[in-house]
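The same chain A turns up in both complexes below, where it pairs with chain B and then with chain C.
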Partner chain A sequence: MALTSLPFAAFAIITGIVYFAVPKKQYQWVVLLIASSFFYVYNSFQYTVFILVTIITIYLAATKMADISKYTKAEVKNHKAEWSKEEKKAFKDASQKKRRRVLAACLILNFGILFLLKYFNFFSGSIASLLGGSPDEAPQIHLLLPLGVSFYTFIATGYLIDVYRETVEPERNIFKFALFVSFFPQIIQGPISSYNKLHSQLIGEHKLEWINFKQGVMNIFWGLFKKLVIADCAWRGIKAYYANGGLNGTADFEGYGGTMVLFISLLYALQLYTDFSGGIDISRGICRIMGIELEVNFRQPYFSKSISEYWRRWHITLGAWMKNYVFYPIAMSDLSKRISAAIAGSSFGKTAAGKHLSKVFTTAMASFIVFLCVGIWHGANSKYIGFGVWNGLIIMLSAMLGPVYDKSRNALHINSEAAWWKLFQMLRTFVIVLIGYIFDIADNFTNAIQMMKLIISDQNKSVFMEQIKTLGLYKTEYATIMLGAMILLYISIRLEITSLDTPGELLERRSGFIQWLALLGLIMLVLVLGTYGPLYDPAEFVYMQF
Partner chain B sequence: MEELMEILEELRPDVDFAAEKSLVTGGILDSFDIISLVGNLNDAFDITIRPANLVPENFNSAEAMLALIEKLQEEE
Partner chain C sequence: MTETKPEIKSNRKKYLKRTIAVAALLAIVLSAVSFMQYYLCIPMTTDVTRIIQFGKEPENSIDVLVLGSSQSYSGFSSAYAYGKFGYTSYPLVIAGSSCTAWKPAVKKALWTQKPKLIAIDTFGGGYDADTVRSRKYPLYMLSNYTPLSAERMETAYEMSVRSDESDALSYAFPFIRYHTKVPSNLLSIQERMAIDSYGPSPLKGVETITDAEEFKPLDEECFSSDKIELDQNTEEIITDFIDFCSDEGIPVLFVKYPSVMLYPKDFNANKRMNSVLELAESKGCATLDLEKAFYDIGLDETTDYYNRSHPNVRGQKKITEYLGKYIQDEMGIGPSELDASLSEDWDKAAAYYEILCDIAEEMIANGEVRTLADSPRLLEMITERAND
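And now, the complex of A and B:
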């Protein structure tokens, strides 16, 4: 049941009607839980056991940790007079150790499941090749992925770590907790919501309000526009590229040249953004109607002026998760402190470069590890590791070489506030992002390198004009993609200037007539230009596979 | 407060720390800034800031940071 399908629309509408029709508002969350359970079982019946294991183990671990904390505080309070400061500290440390053991066991179990399901075949194949055997002979697990496993595992473990850190109180009602983990609008492709931003909204009471309804519907159609008009049309071209054998070609096709590879990469950049952010817009729209605000996951990422800024604007909730639960713990660990101190204490540490490095080296290393994790999160393939290493290297180097970069800019008398310079920075960042995408498009790491070589060495317009025909898109479809991209660009610039999040918010200041006109126009565009009908096989959301 | 302001101004001379109230949520301090800031604060005030303390509310303004420092000093 894809987010853009009619059965899903019917399911969402029925859920919405029951949600607001329920006589006692304190049971609204039960409606969401039933709907989410139905949605999960309907879509991923044979793998329901995995999400249940996650819900139950994390629920138990979180309550256990909170109970230990509560008991410790009460004991320390009861023995306030008798215990010395050292005794209190020893007691607290012992209970902290217990909590840490519970946390570690539960994290190992849940990431273990994720690892087994997603990466076992890749690693067992790689180990077999290393040992000189064939990857095909290695033991394999033959399973499809449970729906949303990468998303719900991160959502649930983030909550567990928050409880461990005592920044949130645990949910004592397992059914309410189950709703937080399995909430249907975010299970397919995120966002990776944080507990303190979402949970109270899920279990709270909500009235149907006109402003929420209007903004929600607008967001849903904006998402449908991105997905059905732009992404699915572009996807047909990309699919043909794969079907024709990519660089290697087929028996009757010689393989694509550099200009086509560049064109496909650009098409992919457009498709990936509209597909993923379009899906998020639909989810956020559905939630908005029910009075629930899902976190923003995209903020015009292609306008970023540096790669680290890009990662604060693209898949924002994954970046935030990585920052809170991977980056900070590594960068603030004792090992990092010792490495920094060792650099500062060495003779190299006395030089200007050494001083700078002692400050940023461990932070840069931590961000490299984060991007390796982001790469691996996307899937088990050498190309995703290449993708992670590429992004990590750029961020690491830009942090370490920051002063050199500033100096050369000053030496060239470049005003960092000048518009042309900012535009240049955006373009430069986009090129770096595009190189990362080539890792995504490629079959594997070697193929990605071949693609990059071709883009540089094999630009040929007449070959391109011939080869573009093999994508099988009609002129009207190119026109549709162009028109869609222009509208998207215009709206993105408006959002960037106003710092607003959705087109609906942009329209809020306009008259009612303009708002209706815009909504009807959007619906018309989706109906007339959207990719569907019995002949079309609507593309699944790209991020659904992760 | 003076010592804190000195550390902050050395870290990012371009920011008006006395007036700014959304240093983290407004994206003025990035995660690299936060990590160097944490190191400096730990040394200067003899405290241990942990990842759990790195919520935006603790770092959005100089006052919030001071409150966090005082809280951690009490706990030590």
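And now, the complex of A and C:
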């Protein structure tokens, strides 16, 4: 049941009607739980056991850790007078150890499941290759991925770590917790919501509010516009590129030229953004109607002026998860502190460069590891590792070479506030992002390098004009993509200027007539230009596979 | 906090306004979609014109319903048959139709007509199993020009069962399938609306191409009675069609139109059509193999065909005379009972057809290869000549 399908629309409408029709609002969450369970079982029946294991183990671990903590506090309070400071500390440390063991066991179990399902075959094959064998002979697990496995694992483990850190109270009702993990609008492709932002909303009582309804509908159609009008139309071209053999070539032609590879990369950048953010807009729209505010996952990422800014605007909730649960633990670890101190204490550490490095080295290293994880999160393939390494390296080098970069800019008398400079920064960042995407498009790491070489060395307009025909898109389809991209660009600029999140919010400032007209226009664009119906095989959401 | 009376009143007003606004938005969207579905989804073709013009024929005025694929509209002229035998007919035909379109076409026809006979071209049963299942275009065209109703939904479901069940909704609402054609069809909207601007056409669904290809004498295999067994789906579709017509009390004549077969696929289709005829006979239907009567009809393969499957106006006249007489003599269809106005219309149609044939002959002689079919432009040309 794809997010853009009629059955899903019917399912969401029925859920919405029942949700608001429930006479006792305190049971609205039960409606969501039933709907989410139905949705999961319907779409991933044979793998329901995996999400159940995650829900049950994390629920038990969180309550166990909270109980230990509660017991510890009570014991310390009870023995306040009898225990010395050292005894209290020893007792607390022992409790903390227990809690850590529970946390570690649960994380190992859940990430172990994720590893087995998603990465085992890749690592098993890679190890076999390293040992000189064939990847095909390595042991393999023949299972499809459970729906949303990466998303729900991250959502649930994030909650568990928060409980461990005692930044949130554990949920004692397993059914309410199950709803948080399996909430249907976000299970397909996120966002990776944090417990403290989503949970209270899920179990809260909501009335149908006109503003929520209006904004929600607008968001849904904006998402459909991005997905059906732009992303799926562009995907038809990209799919043809893959079908024609990509770089490997076919009987019809020797292989794609550099201009064509560049064109496909640009098309992919547009497709990936509109596909992913479009899906999130639909999810957020559905939730908004129900009075639930899902976290923003995109903020015009292609307007970023640096790669670190890009990752604060693209898949924001994954970035936030990585920052909270990977970056900080690494950057704040004792090892990191020792490395920083060692650099600062060395003779090199006395130089200006050394001083700077001692400050940024550990954060730079932590960033690199984070992006390696981001790459691996996307999938089990060397190209995703390449993608992660590329982003990590850029961010690491930016942090380490910051002063050099600032000095060079000053030497060239560049006004960092000048519009042309900002535009240049955006273009530069986009090129870096595009290089990362090439890892995504390519079959593997070697293929990605080959693509980059072609883009640099093989630009030929006449060959491109011939090869573009092989994508099988009609002129009207190119016109549709162009029109869609122009509308997207205009709205994105408006959102950037106003610091708003959705086109619906932009329209709130306009008259009612303009709002209705815009909604009508959006609906008609989706209905007329959208890629749906039996003539098309609509593309699955790209991020669904993760 | 309880609401005060003025607040309640103002809130009610607000809710009412919002409800009206949402309803108006939905109404606008639905109207726009309906308009586009009717005028812009299916590209403007001669098939579309034929279907639209059929819908304009006065109720219960068509005695013989001609169905099937392109062989029947190129091989049979309703206007010429009326001139010769006095009964009315109309080719409710879409090029390339497989047998899946037969029953939906009859159902569509029965909305406005009560034909005394259905003359069906067997070609749609001569396709292989995959083609029968995948020929969806004619089904969409039939669906697009049928008023929305419970019966249309039922027909849409039947269509989907015989081709692809997941397409059920798009048969009921072809917009789902053809919505992306809307922008490119915008250019033909004027022509499309022009067709809607006048009443029943005197051209009566005729279509031909002004060419004459020279073929060698027919191969012996053209007259073969060998058969290729029909696949189960095709057999079920044809049986279902026959049963439906029988339930409606309409006799069916299965006609194998004559063609110049050249390739193995033609001969294979011929063998499957022989099976269709056999099946029809076994179900008590009348059959007529015009292929075997090729030379009896007086057809000349060197002058009467614009391509191997389709006769030009010369062949069309000869086949119409032969088949028309068979319908009259063997199927008992006599001259239609028409009121003065209708009779005048059909007389005009017969006269216009003769002018069309003159135009076609001139073009063939000049080597000007064109499709002549019901269109405002052709009608204008014929009317001018008729007035002269």
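To be clear about the criterion, the second predicted complex is superposed on the first by the 546 of 546 C-alpha atoms of A that agree within 3 Å, B and C clash if a C-alpha of one lies under 4 Å from a C-alpha of the other, contacts with A are read in each partner's own complex, and residues count from 1 in each chain.
As a convention for this text, contacts are C-beta pairs under 8 Å (C-beta built on N, C-alpha and C of every residue); 3 or more make two chains touch, one makes a residue touch a chain.
Note that this is a predicted model, so its numbers are computed, not measured.
**Q** Does the superposition put A:S408 against chain B (first), chain C (second), both, or neither?
**A** In the superposed model, A:S408 contacts neither chain B nor chain C.
**Q** Could you look at A:I523 and tell me whether it touches chain B, chain C, both or neither (first, second, both, neither)?
**A** second
**Q** Would you sort A:T446 into first (chain B), second (chain C), both or neither based on which partner it touches?
**A** Neither partner.
**Q** Quick check on the output: what are the common chain A residues between the chain B footprint and the chain C footprint?
**A** none
**Q** Can you check the complex and tell me which residues of chain A touch chain C?
**A** Within the complex, chain A touches chain C at residues 6, 210, 474, 476-477, 479-480, 512, 516, 519-520, 523-524, 527-535.
**Q** Going by the contact rule at the top, pick out the chain A residues touching chain B in the complex.
**A** The touching residues are 165-167, 308, 312, 323-324, 327-329, 331-332, 337, 340, 359-360, 363, 366-367, 399.
**Q** In their shared complex, at which residues does chain C touch chain A?
**A** The contact residues of chain C facing chain A are 18, 21, 25, 28-29, 32-33, 36, 136, 164, 166-167, 169-170, 175-180, 182-184.
**Q** Show which residues of chain B lie in contact with chain A when the two form their complex.
**A** Listed in rising order, the residues of chain B that touch chain A are 27, 30-32, 34-36, 38-39, 49-52, 54-55.
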